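Across the two complexes that follow, chain A remains constant while its partner is chain B and subsequently chain C.
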Partner chain A sequence: MSEEAIIQADGLTKHFRDFWRRPKVAAVQEVSFEVKRGEVFGLLGPNGSGKSTTIKMLLGLLHPTRGTLRVLGRDPRDVRAKSRVGYLPEESYLYPYLTAEETLEFYGKLFDIAPAERRTRIAQLLEMIGLSHARRRTVGEFSKGMMRRIGLAQALINDPDLIILDEPTSGLDPIGCRQMKDLIVTLAKRGKTILLSSHLLADVEDVCDRVMILYNGKVQASGPIQDLLEVRTRTRVWLPSELDAATMRRVLDAVRSALGAEPELDHPRKDLEQFFLEVVERARRETTEASGVGVASAVAPFLSATDTTKPAP
Partner chain B sequence: MQLAIRQTYTLAGLTALEAVRQPIVILLTAAALAFTALMPILFTHTLDESARLVRDSALALHFVTGLILGVLTACTALRAELRNGTAAAVLSKPVPRPLFFLGKFAGLAAVTLAFSALMAGATILATRTARIPFFYDWWGSGPLLAALVLAFAFGGLQNFRANRPFASRTFGALLVLVPAATALSGLFDEHDHIAKWGAGLPLEILPASILIALAILLLTGFALALATRLDTVPALVVSSVIFMLGLMADYIFGRITPHNRALSALDGIVPNFQHFWAVDALAGDGIPWTYVARVAAYTACYLLALLTAGIIAFRQMELR
Partner chain C sequence: MRRILAIANIAIHSAVRSRMVVCLIALLAIAVIGLPLTIKGDGTIEGQLRITITYSLGAAFALLALASLWAGALSIAREIEDKQIQLLATKPVRRAEIWIGKWLGLMIVNTALLLAVAIATGLLLPREKLAAQTKEGAAAWNAVHRSIAPLNEDRADEARTQLAQRRAAGQIPENVDDSTALRAIQQELIVRAATVAPGQQRTWQIQLPRVLQPDETIRLRFRYSTSAMGLDAVRGRWIIGTPAQPVIWQASSENTPEIYQSIAVPAKALANERDLTVTFVNEDPAGTTLVFNPQDGLRLLIPAGTFLANYTRAIVLLLLRLGFLTALGVTAGAIFSSPVALFVALALMFISYTADYATLDYDTPQSRITTLITAPSRLIQMALSPLGTPPALEAVASGLQVETAWLLRIAGIQFLLYGGALAALGTRMLNRRELAMPAI
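Up next, the complex of A and B:
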């Protein structure tokens, strides 16, 4: 992972004002953090903790009241910074009367992507999100999960260096959630920097390198996820299941005599997500027809590995 | 610079497409066209006044429907987008805010001008039908009604067979078929004989229609500038008040209080919509094109000021 800072926030503060310009709400207070190239950084917090406000400041949609903020080395309102950012909003903010294809075409044009390249990217992205068959349906007819997928595709159309995902798994079924998490991991491996905000802590735990927890607009905790979650006062030993009763007894006796305490025993469990995915995969192999979202394919080939030597435009 | 032009064009295209795909736009347009086409039937036996009544009513319908359409689409294009977040999604891309605002206006201008072109054709055709007392010249309203039916059939067929959006396809078909109906009508006289093109068409109405199109454009710009700060309903109310004040501007500012400085200042702010309603002149020598050019310059100056104010307001806006 390169040490280049993609996002630098220092003392970031945002006060919303009332009609008379008096400060009404302190949405973000003295927040400082850095996100390095290639990191998956999680922004956590309950509703109203300042996550979305922070993201909107990163996108130049809101102006900080105090503090400094640099995105890709520039002011977030600078269009040169924005041209290297992909953003998936919390709600799928899409034009309901445009078709899936027209939506991607529109966003591709805003990035001034050449027509031939644009067509290739749109086809690859629709394939990747499993919506090639619905490319001519208007987005307003889509389910929430399908909208989310189109939202993701528009966020990736410019092959961004920094991807900001606000509640990326919201509205997705467990398969969609898994695909989204796999995609995040794959994009990070290709050198993309990802900042995601989510309420679903299990999702964050699965994909993030570092997290920052906000409450009431202030940073409450931050650091590598492994460090924050590790319980150093307990140790777990994994044993193969084929142990016969006599061997097990000997192991337990050895542990008892060494520690002077009774060890706890249980069998490892699959998590519900893993079990659900296995069931659906089995059902899919037995069925040929499906409606709604089709089978999503591998990551769109145009989403290239980031060239870390690439200078900022 | 070229990128800015391309982005403005893209945003304008999207705004126009989104606008014409709203069911309300095709409903208002089709209802106004159908009502205009059927007006000659309503104004029969009016002692030689049929043509005038049809012409004046069709122009009034063009004015009122166009204003509703312009203000409604302006509020939807900006305010609704600010509220539902599509504006934030677009502005998170490398799109400068002034371009976003100008793109919105350009798209709305294209839609309102297209609507006005359709209504101008319909007014000319309906007036032709009522031109001869106690006689329906069906080379007027006939092709217009046929164009309406064909456009709806085309839109329905495109939607059924190719899953294309009905509203925009029908609107697009109308843009081809109504001018085609006007061109066809111009080929024949009232006795079904081929005549010199346009001989049977009351083309003197055209300047009046253009003036109304300019008024619609002006109020659309006004509503768009208001939509940067006001929600849809307040923006609609303020736009309506401005329209009413503008219609009565000559009376209020010219006769009641000609020497009141505050009202004189207000006179400068409120656009005078009387300049755009020159139907009475059609009864005389017609509307001179020099007058149309002067009103177009007045509209351009007003729009420049309105759009500048809108851009300044939108630039500082925070998108929550």
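Up next, the complex of A and C:
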């Protein structure tokens, strides 16, 4: 991770006004944070906490009432900053009458990507999200999960340095969620900076380096996820295999005499997501037919490792 | 440019896949094919030609104008409401590119539809019947004339002389100031000059824009009124000459009042002349007094190209007008939400159609207060007056040239000046507008 700040927000405040320009809602209040290059930063909070408003200010779709905001060293409305940003909105804001391929073609053209390169990237992205077989179907016919996948592909078409994902796993099945999280981790390893917002805490915990928790438009907590979640007053010991009763008794007696307290015992559990994925993987091996979404492949090759030494354009 | 074309392409996709375009195409087909069958003309082939062009093409253009405004107003407003702009605006696209892309896409659709309508109307014109009707039918229906108005006779000098004389003779009350009296005298002189009593004559000065060719035929087009009711015809004599030689060509005429009439004049004797005089002598035995309307009482028509060229000019003019209306719609959509944008754009279009009547007269002497009160009206009049729609289709239907001045006015003022101002305003408002405002 580099020390270069990709996002700098200082005293960010947004008030929404009514028809008569009177302040009505203070959606974001005095929010300050920085996101470094290569970091996966999570924006957490319940509905109405100011996550989406903050993201829309980062994208130049809303203008801060107060405070300063720099994205990739520029004003968020500067097209030079936008050319290095990818955005996956919470809902599908795609044109329903375009096919999957036309959709990516359109957004590729907006980034002025040369036709040959555009075609290569579209093929790789469709392969990556498992929708190569549906490239000629209109987006309006897609399920929500398929739309999210196309939404993700359009967010990556410009090989962005900063990727902003608003509720990235919303509408995805557990396999899609896992793939999304794996992709986020892979992209981060390649040097991309990722800011994501979610209220699915497990998703955030799995992928984020740092988080900021908002409530009522204000920052309630922020920091590295490890620091925030660690309970330093308790210790868990993991033993490699099941112990016989006599050995277990000896270990527990030793702990009791050393600490003067009764230790708690349980067996580690798989989480439900992991179990579900194993079941589906087993079923997939036994059947040959695929439905809606095909098998997603590895990350698109064009999504290059970001050279942290390259100067900003 | 690639970004603008991509956005234009989306605007075309959106328009083509909407049900409105299907309805529009059906309505255009009714206007072009159905309307000429339902409207009864005067029974002549020329009448059919006029109806086909004026009503069918006119109705089709009105539909296209309405659709342009509609589609323009919704193109950005609907995209903001459906939130698709929240993805578009996060790409490296300038707001001006969004405005231009939307406008361009709609104009490509407009151009395709207007061309289809123009070609269909052209194919449905009774050309063969017109050509077969007279010996020189083919040439006659294809002939287009440029209408030359007489030199403006404001009679200002004569009015000033009369004012001095009448003041000296004490014929003007002292409480009437000079400018009021001068204007009244001027009006009186203009009306008097338009009146031709029995046995009297009226002469107009006409400057031709070019020298006539000996083999050409020009036409005198005129219309007069009388105070007498139920007259079939009034007898008179038309004389054409030059200031140096007042009588070069002359012919007797017997024409019905209140209807536009035209007389063919061989240009052979008038070749190489630019300054002409046209005189009408009232020889009516019944002693009828005639009045030529100062605005359009007399015109000299000189040959000016073919029907196809003239038709093309009219279509270009209509297309430029559509460009302006589309800009109006797109800008309204950039400022307001869709129902408001639609209402504002439609209201402005109807107001723009009143431009032809925006001739308020505030020449009377004013105090500062009345100047202040009338200032908004003057401003509105100034803004509206270039927005009138020249009667291009009526001209084509009547065999008159679609004037270059009309084309220049629409291209320069409506399309470039007003259209450019609307583009600048739309872009500025889009720049200022927050595109992800929640509904609160």
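Keep this in mind: the second predicted complex is superposed on the first by the 312 of 313 C-alpha atoms of A that agree within 3 Å, B and C clash if a C-alpha of one lies under 4 Å from a C-alpha of the other, contacts with A are read in each partner's own complex, and residues count from 1 in each chain.
Keep in mind that, in the parts below, contacts are C-beta pairs under 8 Å (C-beta built on N, C-alpha and C of every residue); 3 or more make two chains touch, one makes a residue touch a chain.
The model shown is predicted, which means the values in this text are computed figures rather than measured ones.
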Item to check | Overlay on chain A: chain C relative to chain B, clash or fit | outcome: clash
Checklist entry - Can A:112 be said to touch chain B (first), chain C (second), both, or neither? => result both
Next on the checklist: According to the stated criteria, A:93 is in contact with first (chain B), second (chain C), both, or neither; which is it?
Outcome noted: both
Next on the checklist: Looking at A:62 after the superposition, I want to know if it touches chain B, chain C, both of them or none. Which is it: first, second, both, neither?
Outcome noted: both
Checklist entry - Given the touch rule stated above, what does A:238 touch, chain B (first), chain C (second), both, or neither? => result neither
Checklist entry - A:20 contacts which: chain B (first), chain C (second), both, neither? => result neither
Checklist entry - Thinking of the overlay built on chain A, is A:82 touched by chain B (first), by chain C (second), by both, or by neither? => result both
Checklist entry - Which of 97-105, 169-177 or 223-231 in chain C clashes with chain B after superposition? => result 97-105
Checklist entry - Hey, what residues of chain A end up touching chain B and chain C alike? => result 16, 56, 59-63, 79-80, 82-83, 85, 87, 89, 91, 93-95, 97-98, 106-107, 109-112, 154
Next on the checklist: If we count contacts the way the header does, which residues on chain C are in touch with chain A in the complex?
Outcome noted: 2-3, 5-7, 9-10, 13-14, 17, 82-94, 434-438, 440
Item to check | chain A - residues contacting chain C, complex | outcome: 16, 18, 24-25, 56, 59-63, 79-80, 82-83, 85, 87, 89, 91, 93-95, 97-98, 106-107, 109-112, 154
Checklist entry - For chain B, which residues are in contact with chain A within the complex? => result 3, 6-7, 10-11, 14, 17-18, 21-22, 84-86, 88-96, 162-165, 167-168, 318-320
Checklist entry - Where on chain A does chain B make contact in their complex? => result 16, 56, 59-63, 79-80, 82-83, 85, 87, 89, 91, 93-95, 97-99, 102, 106-107, 109-112, 136-138, 154, 158
